[in-house]
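Dropping a structure here in structure tokens format, bear with me for questions.
Labels run A, B, C, D, E and F following the written order; every chain starts at residue 1.
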Amino acid sequence: MNFSFDHMGVANLFAGDFNAVTFSIIGMLLVFVGLIIISLYIVSLPWLLKRLGKRPARPTDAADKLAEQQTIDQEKEILMAIATAFYLDQNFPEENQKITWKSHGDVESPWLISGRVQGMAQRTHVTRRVFPHR
Amino acid sequence: MNFSFDHMGVANLFAGDFNAVTFSIIGMLLVFVGLIIISLYIVSLPWLLKRLGKRPARPTDAADKLAEQQTIDQEKEILMAIATAFYLDQNFPEENQKITWKSHGDVESPWLISGRVQGMAQRTHVTRRVFPHR
Amino acid sequence: MNFSFDHMGVANLFAGDFNAVTFSIIGMLLVFVGLIIISLYIVSLPWLLKRLGKRPARPTDAADKLAEQQTIDQEKEILMAIATAFYLDQNFPEENQKITWKSHGDVESPWLISGRVQGMAQRTHVTRRVFPHR
Amino acid sequence: MDFTSFFNNTAIAHLEWGNLVMILVGVVFIYLAVTKDYEPLLLVPIGFGIIVGNIPPIAGMPLGVYSEGSVLSYLYFGVTKGIYPPLIFLGIGAMTDFSTMLSNPKLILLGAAAQLGVFLTFLGSLYLGFSLKQAGAIGIIGGADGPTAIFLASMIAPELLGPIAIAAYSYMALVPVIQPPVMYLLTTKEERRIRMKAPRKVSRKERIIFPIVAFLICTLIAPGAITLLGMLFFGNLLKESTVTDRLANSARNALIDIVTILLGFTVGASTQAQTFLTPQSILIFILGALSFVVATAGGVIFAKIMNLFLKEKINPLIGAAGVSAVPDSARVVQAVGQKEDPGNFLLMHAMAPNVAGVIGSAIAAGVLWSVLGKFQ
Amino acid sequence: MDFTSFFNNTAIAHLEWGNLVMILVGVVFIYLAVTKDYEPLLLVPIGFGIIVGNIPPIAGMPLGVYSEGSVLSYLYFGVTKGIYPPLIFLGIGAMTDFSTMLSNPKLILLGAAAQLGVFLTFLGSLYLGFSLKQAGAIGIIGGADGPTAIFLASMIAPELLGPIAIAAYSYMALVPVIQPPVMYLLTTKEERRIRMKAPRKVSRKERIIFPIVAFLICTLIAPGAITLLGMLFFGNLLKESTVTDRLANSARNALIDIVTILLGFTVGASTQAQTFLTPQSILIFILGALSFVVATAGGVIFAKIMNLFLKEKINPLIGAAGVSAVPDSARVVQAVGQKEDPGNFLLMHAMAPNVAGVIGSAIAAGVLWSVLGKFQ
Amino acid sequence: MDFTSFFNNTAIAHLEWGNLVMILVGVVFIYLAVTKDYEPLLLVPIGFGIIVGNIPPIAGMPLGVYSEGSVLSYLYFGVTKGIYPPLIFLGIGAMTDFSTMLSNPKLILLGAAAQLGVFLTFLGSLYLGFSLKQAGAIGIIGGADGPTAIFLASMIAPELLGPIAIAAYSYMALVPVIQPPVMYLLTTKEERRIRMKAPRKVSRKERIIFPIVAFLICTLIAPGAITLLGMLFFGNLLKESTVTDRLANSARNALIDIVTILLGFTVGASTQAQTFLTPQSILIFILGALSFVVATAGGVIFAKIMNLFLKEKINPLIGAAGVSAVPDSARVVQAVGQKEDPGNFLLMHAMAPNVAGVIGSAIAAGVLWSVLGKFQ
């Protein structure tokens, strides 16, 4: 641990059978390889997503109808959710249900009620989410 | 730790002097006993609270007067608190006292000044708290 | 660890070569010494700050002009910062830059843009900070 | 120092098929969380943890959860010593509202009935040849409560902790898939349409006293539940007392979030294919699925039995919520009930057996621990 | 496997009278916190911890704080190693405003005078036969500062940690009950009516430099105070520098809340009747009460002595705030003063000796530790 | 028990010149943070920690970070075991927006080029006579990333942890002082005036998939980066998935703040003059400064080389942001660019190499660790 300048010298870079210069070059290369692959991945992803996205989208009419139907279904559910909330509010005036919702803000399975209700407020989110993801 | 199917068999449930079936039944019973006692406690608590609550409430007139007097006392204290706050605000314009209050938001002993001032804002809280609890 | 009253007595205060009474007196003195030095420091600090502050303040006119110039420079920078923010907002509508600013809310080096923009809103802070500190 | 030795220092050189399978499992977990909203707070950390845990490490470098001195091993310490689950229970307690249970005490029994899944799975595991301790730890998957399962496994069968934890959380996420078929099978259309009356209001005093008394009742019977129920009811007291709001707030936000992140991530990272992909793990997954089915059936059937004696009938669907998996199983009940009768609101009623199921599972875990803990 | 052996696995079978007494104590703590608002942030966690710690555990199961490998023992680690108190001081520093002290430096001396309670109690404990280290740890109860008391006890008398911690926190909660009689006894009506002038404004620069200089002064004299005062002034610097607002914010919210929960709960859980209900503990409680009385008297009397030399008299009531117990004793001062003269506002004046008392106690603890730590 | 022995129990009696120097350094750190706003979140905790660490402790009292059983030693545990850096990376991941990088993938290469500083400093340190492991740990200072430097040092050269950490953080704070001269030296006025086009918008899907794929790519090549990059990308997934918002929120607030406080404070406290003020430490500081210069030059020169092949020229200034030091070096780029052309907005473009530099440094650290970790 004690440091002294006595050991200074180029020989240190090649001590034992370890060539520190070669190692450094390979190290730099590995850094470049990693980041270049990431670059290539990024470049190709939009293209990949588009190609993957096209296949299920082929029967456009059917898909459109399905999406439309889903939206209608969801809106029904949202209305139902609002009705539920109203009912609960009437019967449990001590804000019980509020706490229950809050406690799992992000977990809306199975019918995603609150998620969709939230979505109503942030329209861009809903539309982005509803169509391409499902 | 290594698992094999060689040890499969009903005999496993009665290995040694340990009867796993009896144990499971007793286990289920214990779960039921615990939750049944909790149910019974819940059923009986309102009744208990009412019975306990009646005794001090007997001399109704006196109690009412006391409560009224307490409310008046409290309102005096609240006014005093507001006066204090105002005084402090005048003399320590750099919001020193704000920080001090904040640091113990929930601890208002001994005279509950800030608690009651808060209460003024949320009236339901004050009334609920002041009368039945003290 | 077992406690008994058998060992009660004044002799305990002088057991071995340890005089507990002397120790307590010295202990109290140390507490006082510490807090008295703090008092003296507090009393002398404003005086010290004033004396230290006077030296650079000597050529008052020049200093004032410098401060004024700095303020103008800063305001230019603030305008530039607002322009930057506007530009970013136009070109990155997905609120990227917001997140980046937020993530290091307090770190505004090197040109303190956001710090000064914040300061604009809380004028007292800016003026207090800009002049006596720099 | 040549390219070959360098290649041996990469992880690709050591990648096995099992790792790829597990990485895919991790990706599926994240996919389900993001697109289906299945318990994302659990599945995202576990899923990414699985991916991290299946990058094959280099020999001699302390990297994985099982590698002494590694950072992940220090973070995993909270799992192996059972520290994270009680802290999560503290936060859950600070967000749980026991009001519906207090206003509907008879529904509590449904939370007891659902523990049938625990004990039948225990017996099934014994039959298959697992040791007593292992069988107990596998059985508790039927409690449908991740923290409880991890806690008991860490105490009596640490060697099975990984698969038990993953199974428990997977099925909790899959509750909306597993439960409805069982519920339809065991109930008639008329039963599913039963409406229930709005329960009474609960006073603040009742809510403050409840966590103290409930803790005493449960742990005097099953002292093994002290740690989990102590924290659960402590958190609830912090919430209900209202004078300790700021503590309850930190418990149900910063504290539970941080512990959830660390628990999920390290549990995920404990699934290195080399030790995880065994017939034993697959058996545990099958037993876990069965225990969820049995627990659901237990709750529903017990509700039907209760109806034989009750004047005001209860909707047997809410028996399914007795498995806990708060609040997902209560939501499944609401969804199934509403499909039959869109004007039927079972959610709040289902919350009563739901939270009672948490208590019931903790008691069951305490009983299993206290008795089985003594065996080898 | 019969009902008898099952019964032996329950906690009821092992419950002793002492446990019932302690559970009742825990309930009383919670009751006082909820209905009287006495330091609820401390009394609720400690009270529930006492209840948890007095469910008799089953032999062989790692459950309690003293049981190796139990979850509670890991959480208690922060108490036994003295880790929690400095973290609490960090948070306190990040919420403390030293302005009133900076604008009124002579009032600092009152915070020194109140440490009389520490040293007299130390001598009294020695007289009664406690060892030097034990006496030092008992004496610090008179510092009226829970974290300081726990820290010193964990360092020099860990065997007394439980009773010392409970005594310190109990009396801190009871400050509004203990102090007023002493204050009335030692002051005349005229003294209590003394009004004090509003102090000067303090610059930001002064407030930023203060924690650094004060830390250097205190610890160069009493290096034993490095840990506590280092954290206290560090937290204060985070607050006053304003450039580290977000750190100060997390320190005085999430961090201090989480540590307070864990500290209170585990300290409470360390009071198992079997080890806690001893004559020794009762003695410590009596000595603790006396030390609070002596500390209060010390502050008030010193204020009266100071008045002999001062032109602008100070109200001797604010001497009582020198015991620390921030901010409760300052509020007691305000309440007592206002009863005599409703227009008299002593609160901010009392904050100066109040925070000075925290520093004074930490110095006293440092001195006790550095000297007594060397004895057996 | 006389005054002399008391004096020997004070810290003044043991104060050395070195301590005074270090205390002054701590004060300067705090001064720079408060008045110049140089990385205050790092410099204030480290600065106060330096002051605390240089109060000379009393022999036999567990006080400092190196003193077994002291509170500071427990808090320092997270530094010596490398636990804090990955937790900080978790929080950084949860606040990092990789969008600009995703929309500008070619700029990522600048983040690779800047790692030249790491490997040249490694060779320089070897030349000066440091051991292989020490040289690797010193080299990583050129990564301009405090947590990465601490992590690698704790793994392969714990004896140099103090000076390496202080050097890394000091130069990160001094980025606005170190980088501009290098940038001016290597670029022409015309180059500095190059404007860049606004990049394309990135979809949510791309942002969610990115952390998973990037983690796999990096760690399959350099498994030594698992811990740091696992946490970084995990945090980013928590943020981008949007279904785990509350976890991301706690990770980038309470968690990272608390860890930053503890890390900065204890790293500062590890600089006791008696062990810190050595020729070795000074050498490390000189090497650290050089590595920052080389890294900056590497990034700028590589950008100029890229321009030889690109139709749409990039502004070579943004190469300087490849050193990481997020987001300070990106801001330096913006400032230097804007001086030349007030209408030129390089900040967002510079963020791409900036975050790429973080990934690049972590890969470099993983490579150094996996190869050098095997030597004595």
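Note that a residue touches a chain if its C-beta (ideal position, glycine included) is under 8 Å from a C-beta of that chain, and two chains touch if they have at least 3 such contacts.
What you are looking at is a predicted structure, and each value in this text was computed from that prediction instead of being measured.
Chemist: By the touch criterion stated at the start, how many steps lie between subunit B and subunit F on the shortest route?
Modeler: Steps on the shortest route: 2.
Chemist: At the interface of subunit D with subunit F, does the proportion of residue numbers present on both copies reach over half, so same, or stay under half, so different?
Modeler: Different residues, largely: of all residue numbers at this interface, under half are found in both copies.
Chemist: Could you tell me which chain lies farthest from subunit E when each chain's centre is the average position of its Cα atoms?
Modeler: In terms of C-alpha centroids, the chain at the greatest distance from subunit E is A.
Chemist: Using CA atom averages as chain centres, what separation in Å is found between subunit C and subunit E?
Modeler: 27
Chemist: Which integer distance in Å separates the CA centroid of subunit B from that of subunit C?
Modeler: 40
Chemist: Based only on mean CA positions, could you tell me how far subunit C sits from subunit F in angstrom?
Modeler: 25
Chemist: Any chance you could list the residues of subunit D touching two or more other chains?
Modeler: 1, 6, 37, 40-41, 221-222, 243-244, 246, 253-254, 367, 371
Chemist: Quick check: what residues of subunit A touch more than one other chain, meaning two or more?
Modeler: 18, 23, 30, 106
Chemist: Going by the contact rule set out above, which residues of subunit D touch subunit E in the complex?
Modeler: Answer in residue numbers: 81-83, 86, 90, 155, 208, 212, 215-216, 219-224, 226-227, 230, 233-234, 237-238, 241, 243-244, 246-247, 249-251, 253-255, 367, 369-371, 373-374.
Chemist: Would you pull the subunit A residues touching subunit F in the complex into a rising list?
Modeler: Residues 1, 3-10, 12-13, 15, 18, 20-21, 23-25, 27-28, 30-43, 45-46, 49, 105-106, 128, 132.
Chemist: Which residues of subunit E touch subunit C once you look at their complex with the stated criterion?
Modeler: It is residues 101-102, 105-106, 108-109, 111-112, 115-116, 118-120, 122-123, 126-130, 132, 135, 159, 203-206, 209-210, 213-214, 217-218, 221-222, 243-246, 278-280, 283, 356, 359-360, 363-364, 367-368, 371, 375 of subunit E that touch subunit C.
Chemist: Of all residues in subunit D, which touch subunit F in the complex?
Modeler: 1, 6, 9-12, 15, 23, 27, 30, 33-34, 37, 40-41, 44-45, 48-49, 51-52, 55-58, 60-63, 69-72, 74-75, 253-254, 257-258, 260-261, 265
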